[in-house]
Amino acid sequence: GSGEQASKTNTQTASNTTEQKTEQKTEKQEEKLSGTIAIDGSSTVFPILEAVSEEYNLIQPNVKAPVGVSGTGGGFKRFVIGETDFSNASRPIKEEEAALAKENGVEYIELKLAFDGLSVVVSKDNDFVDYLTVEELNRMWVDGSDVVTWKDLRPEWPEIKIEFFSPGHDSGTYDYWNEVILKKTDIRKDAQLSEDDNVLVMGVSGGKGGIGYFGYAYYYENQDKLKVVPIDNGNGAITPTEETINNGTYAPLSRPMFMYVNKEALKRPEVLDYLTFLNEHVGELALEVGYINMPQLEYDNNAELIKKAK
Amino acid sequence: MEMKKENRSVSEMIADNHSKRSILKFTENTVPKFFLVCASISILTTLGIVFTLLFETFTFFKTISFFEFITSKEWHPMHSNPNFGIRPLITGTLLVSAIAVVVAVPIGLGAAIYLSEYASEKRRKMIKPILEVLAGVPTIVYGFFALTFVTPMLRQVIPDLSIYNALSPGIVVGIMIIPMIASLSEDAMSSVPNSIRQGAYALGSTKFEVAIKVVLPAALSGVIASFVLAISRAIGETMIVTVAGGANPTSAIDITSAIQTMTAYIVQVSLGDATYGSTVYYSIYAVGMTLFVFTLVMNILAHFISRKFREEY
Amino acid sequence: MELAKKQTQAIKNIPTRLIKNKFFSFVFLLATLTGLLVLSILLYRIFTQGIGYINWDFFTSFASRRPADAGIKAAIFGTIWMMGVTAPIAFILGVGTAIYLEEYAKKNMFTKFIQMNISNLAGVPSIVFGLLGLTLFVRGLGLDRSVLAGGLTMALLILPIIVVASQEAIRAVPKDLREASFGMGATKWQTIRRIVIPVALPGILTGNILALSRAIGETAPLIMIGALTYIAFVPENLMSQFTVMPIQIFNWTSRPQEEFQYVAAAGIIVLLGMLIIMNSIAVLIRNKFQRRY
Amino acid sequence: MTTVAVQTKVVHKTKDEAVSNTNKKKVYEVNQLNLWYGKDQALKSINLDFHEKDVTAIIGPSGCGKSTFIKTLNRMVEMVPSVKTSGSIIYQGRDIFDPKFHVEELRTKVGMVFQKPNPFPKTIYENIVYGPRIHGIRNKKVLDEVVEKSLRGAALWEEVKDRLHENAYGLSGGQQQRLCIARCLAVEPQVILMDEPTSALDPKSTLKVEELMEELKQQYSIIIVTHNMQQAARISDKTAFFLNGEVIEYDNTDLIFSNPRDKRTEDYITGRFG
Amino acid sequence: MTTVAVQTKVVHKTKDEAVSNTNKKKVYEVNQLNLWYGKDQALKSINLDFHEKDVTAIIGPSGCGKSTFIKTLNRMVEMVPSVKTSGSIIYQGRDIFDPKFHVEELRTKVGMVFQKPNPFPKTIYENIVYGPRIHGIRNKKVLDEVVEKSLRGAALWEEVKDRLHENAYGLSGGQQQRLCIARCLAVEPQVILMDEPTSALDPKSTLKVEELMEELKQQYSIIIVTHNMQQAARISDKTAFFLNGEVIEYDNTDLIFSNPRDKRTEDYITGRFG
């Protein structure tokens, strides 16, 4: 109890002093920092990092922080050989990827940035779907499923052909879905896969029978065209909202998003400065671009990790 | 002094200069070599393309048998039990191209006839560049035009049309290649000598008869070659089908439902960035190779048509 | 008697044939107008959607997560930088090749092969050039996703177009002028440099501009080499990362917020504006320098 | 050195005065014809009559308006958009500029043969039947007859009868020109206009075509432009001499060549200029 | 109707026999010249000598090889890749086919004027200085002098001296042709070859160019191809008649025209064919 308390206070003080130091440093170096930070990876996390870079450039216009979009897997591919400083990911790093990093002598830390609630959506014209259970989702999405029309799922629903829209295989979103809904089996073959989430939005909203899933932001921005489906995981149907995602009741489709940081890169002042800035502001910026911020505790943890790593 | 200068005539000065021509000779010899190097770049480019494709395609066929590639009817590269049968992608590609041809050939040819036979010089000079703008519109713009304008419009007529389908991008690809057909066919038709036209008019022909019975047959090889080139362009078109065609590789011939073309597959994979070295990664080269072979055949065909049947007026 | 009969029949037919002629002239005109109609619908939609977002700030700001703040500066500069690589390389190689083929090459199998090869390259899909750029420049030469890699890929892509256009322009130089020059004792290169190139230049430039305007609108090959990136700076050197207008537009269209569709439309207006300006310059050159020899 | 005296005085003669002792029917009456290309006047107050079953030659130096004039007779000149005309041309009693007189009809009745042979890039057979076909004759037997008759008429039948279905471009220049004449005969015109029909031909072919004209004269009225004075003298009944868009002299050929009334005509036919 | 008797016998005359009473220096000696385009022989055993400060006319019907021959004299004919020659052409003692005799040098000494005026699309001034410049003369003063002298030589100076820096395409056809002659004079050639230099010109301009030739003759040797017999008769000292790639007759002009030895020459100059 009290030990924990003490250590927490310690941490806080420590982080406070670091903050003060960094601030002083920043003030001193405000005009001076420059360089390029190599960021690549997930398309899901991209909007958050883009927002961070945009805000950061207002303070440090000479630091270049382009954000690439190669997908989580594509990002890791470059990260593990030391090509990039940060790698955005919508899933944790895989064992093979970690092994490769080790092989190449890349040491890293993992930061959690925000939550995303994978939203299952149907068309606005779909007036019969009230909620879906995880089992039902599994039944309709797996390869070899016998579900062709909505009626096949629940007899009281009309006999309208279902069209399936899913993010592509290389996205972390798909990986997550594959893990929690499909239980690592294949997705049905007639599902249309696209790396472009707007394509999915258009697809689902375009016909009465469509269903799809993607990040909360895409649902949030297209509420007028889409209807979100509450998900029942045995504890009653839960609709994804800021609150249910943040407090973890929207399960199992709520997931954290990560950023991996190459420790070596932290030796460069501009990288450290950027990262510090990021950790301070990522919560609010995530909210702004349609994701859900995490409890402050997580950000404090991040600060601790950064401090240790540098 | 003055005298001396007068005496040196131009021809003497020239003769003088001719005796010290070494620099000139050097340039004369070097310049063609430089240009030969330039011309060789184009061959290197082709070799580059062929080797790039061949090399990675070869790796692909180490894992997937060539036989499966050409015979299997299923294309599910990311399935845990993947299928790599190119047929669905080819079906999608040909479906879109066929629709494009149905749209573009009559319109393009009609426009070509109008421009070459009916329009006044002034009008032709005005319309042709505008049509060329149509060819210059970035395909990404066409892609969204297909998805957000043409598809919804078509759905008013065909309610069953999926949001992603072969019809809408097919039509829009057709629109995109209209200028190509119009312009190349117009070139072929305008190069029919006026004397032949006059011969027909002097027999009492109407404009329509001259256009259809004399000029068009005379320009036929050029016109057909323009079709073939336009088809090859349609086959290689990428962004329109990526945006509006969907991502559903299927061998079924159904223009109202989603398809996937070879080009769209390559974009899909490269947007997601398949892990370097995976079979899926190599598959884009195998598909690229197929695409290359397709367009190569079309181009050679066009070349052959316009050479073999070239009219000697 | 027979003659008279035939003639009367022929004359009787004339009204029908004239009606047919009228009808089809209308049909052909319609076909021509279809293209123009589609173009105007396209432009109308894009303009009504995007014009509201076009203002000075749009040109001077970088991309942003807020639609109202988003600008196209990085993409414009990226496009200019990439063209800065593409244009000179494609111009020198393309015109050089054309001069070689038209003026120096002997009519043998090798020349035929090069010629055929060029016309085939012109028909290779741009995405295949993207694969080449990815393998050769980005990975092979380790140029990464730089302006240089993008520019080189584009240069190869438009090379055949430039070669063919330049060849046509050179071929159109009247034989008379060449003969006149040779008749004065000029050498081959003197004739080419002082007569052929100056006379063919308008045609060559026109072809180059049209080819460049093709390169400006290309998306697929750059997606292949990975230029899909958030860039909030202007390239500084050939190895800088960059983005170009069609890529930026593609990026905007895949945003969740609907307003970004309008920002994309604004980007398209800028891109089309640039294309139309380039095409008009080409047409102007063509019309102004079109000489009847 | 001979200097060409350029006289500015325009010689206007009444038609009766111009062409003596003729009592054949008129096919064409040209009255006060003026023609402009844009602002440049190419034909100035032309008055000429042409008679049935005559060969009329039109001579004059390059650029004097010979082609322009002959193309006006079947209104082909109007294919140049800037052309404007005034005056009238009466063809068998009807003004050819009358809007009710369709050019298609006029051109069916008045055939034309051009300087350079211009067969269609089709077979010999298809070349001949083109005219009858567009006028609605579809009957294969009739067409076959037309082909033979026209080719015989153009003295080409024997040479090509075995290869009617080969491309016309395989023929020699002279044969091509006779094919063009045959194509013109297939629609049975009343008048045949010829614009330097032999100037692109070798001497042998020229001879053949000239002989052919002699034949055709029995049935058709022929108006022929030529820059070859000897040719005009050999084949024509009447000759009109053009200079700078005007008719300087029009008379029976023998008179023109033996006893030109105008100094410029004399200068021209003796080769002082042109 | 006159029939052209095509004689197949080739008339070979010795040169001395061919051209009588001349004691001027030879500039060109053509010996047994044969020329083939691919497999078609266009020139057959040509033997001709040309003399200093003579005007020699080459006449003959279309396609007989006049242009081919004159282009052989400055080796322009070799621009057609399939051309093959045999025999020799001696220009002032040197064989022009000798590899050591650069064509550039030959063509500097032997100027050429073409059928259609072909000024460069540059200013009048630039047209004239083109030749001197490519031969390495850069001095502005010298060039200015050359321009004036050449234009005076071509009787064009007075007409254009105020617009030397305007485009040459603004000149009339006749002026353009004289400009081409001036351009040719600028490098001070010894011989001027002319291939139908007036056939694209109107009578007035033709006259001017003919007068000019009379002038040039004082200083240069001129070899001129023409299809206009009268022109040949008016301006030349000697005339060669070509037919089917052979020289049928070569003699003093007055003799050729008054008393041709060969029936074919007679037929041609009296206009029986061509």
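Note that the chains take the letters A, B, C, D and E in the order they are written out, and that residue 1 is the start of every chain.
Everything below uses one rule, namely that contacts are C-beta pairs under 8 Å (C-beta built on N, C-alpha and C of every residue); 3 or more make two chains touch, one makes a residue touch a chain.
Only a predicted model underlies this, so the values are computations on that prediction, with no experimental measurement involved.
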Quiz prompt | Neighbouring chains common to chain C and chain D, by label | solution = B, E
Self-check item: Between B-D and A-C, the pair joined by more C-beta contacts
Solution: B-D
Quiz item: Where the centres are mean C-alpha positions, what is the separation of chain D from chain E, in Å?
Solution: 35
Exercise. Starting from the mean Cα coordinates of chain C and chain E, work out the distance between those two points in Å.
Key: 47
Quiz item: In whole angstrom, how far does the Cα centroid of chain A sit from the Cα centroid of chain D?
Solution: 86
Practice problem: Return the residues of chain C touching two or more other chains; collapse runs of consecutive numbers into ranges. | Solution: 10, 17-18, 187, 226, 228, 253
Quiz item: What positions in chain B touch 2 or more of the other chains?
Solution: 204, 206, 209, 271, 273
Exercise. Find every residue in chain E that makes contact with two or more other chains and list them.
Key: 104-105, 108, 135, 187
Quiz prompt | All pairs of touching chains, each written as two labels joined by a dash | solution = A-B, A-C, B-C, B-D, B-E, C-D, C-E, D-E
Quiz item: In their complex, what parts of chain B are in touch with chain C?
Solution: 24, 27-28, 31-32, 34-39, 41-43, 45-46, 48-49, 52-53, 56, 106-111, 113-115, 117-119, 125, 127, 129-134, 136-142, 144-145, 149, 175, 178-179, 182, 204, 206-209, 211-212, 229, 232-233, 235-239, 242, 263, 266-267, 270-271, 273, 284-285, 288, 291-292, 295-296, 298-300, 302-303
Exercise. Note which residues of chain E are touching chain B in the complex, please.
Key: 102, 104-105, 108-109, 132, 135-137, 142, 146, 186-189
Practice problem: Show which residues of chain C lie in contact with chain E when the two form their complex. | Solution: 106-107, 174, 176-187, 190, 194-195, 198-199, 291, 293
Practice problem: Over in the complex, which chain C residues touch chain D? Could you list them? | Solution: 3, 6-7, 9-11, 13-14, 17-18
Quiz item: Mind pulling up the chain C residues that touch chain A in the complex?
Solution: 62-65, 145, 226, 228-233, 241, 253-258
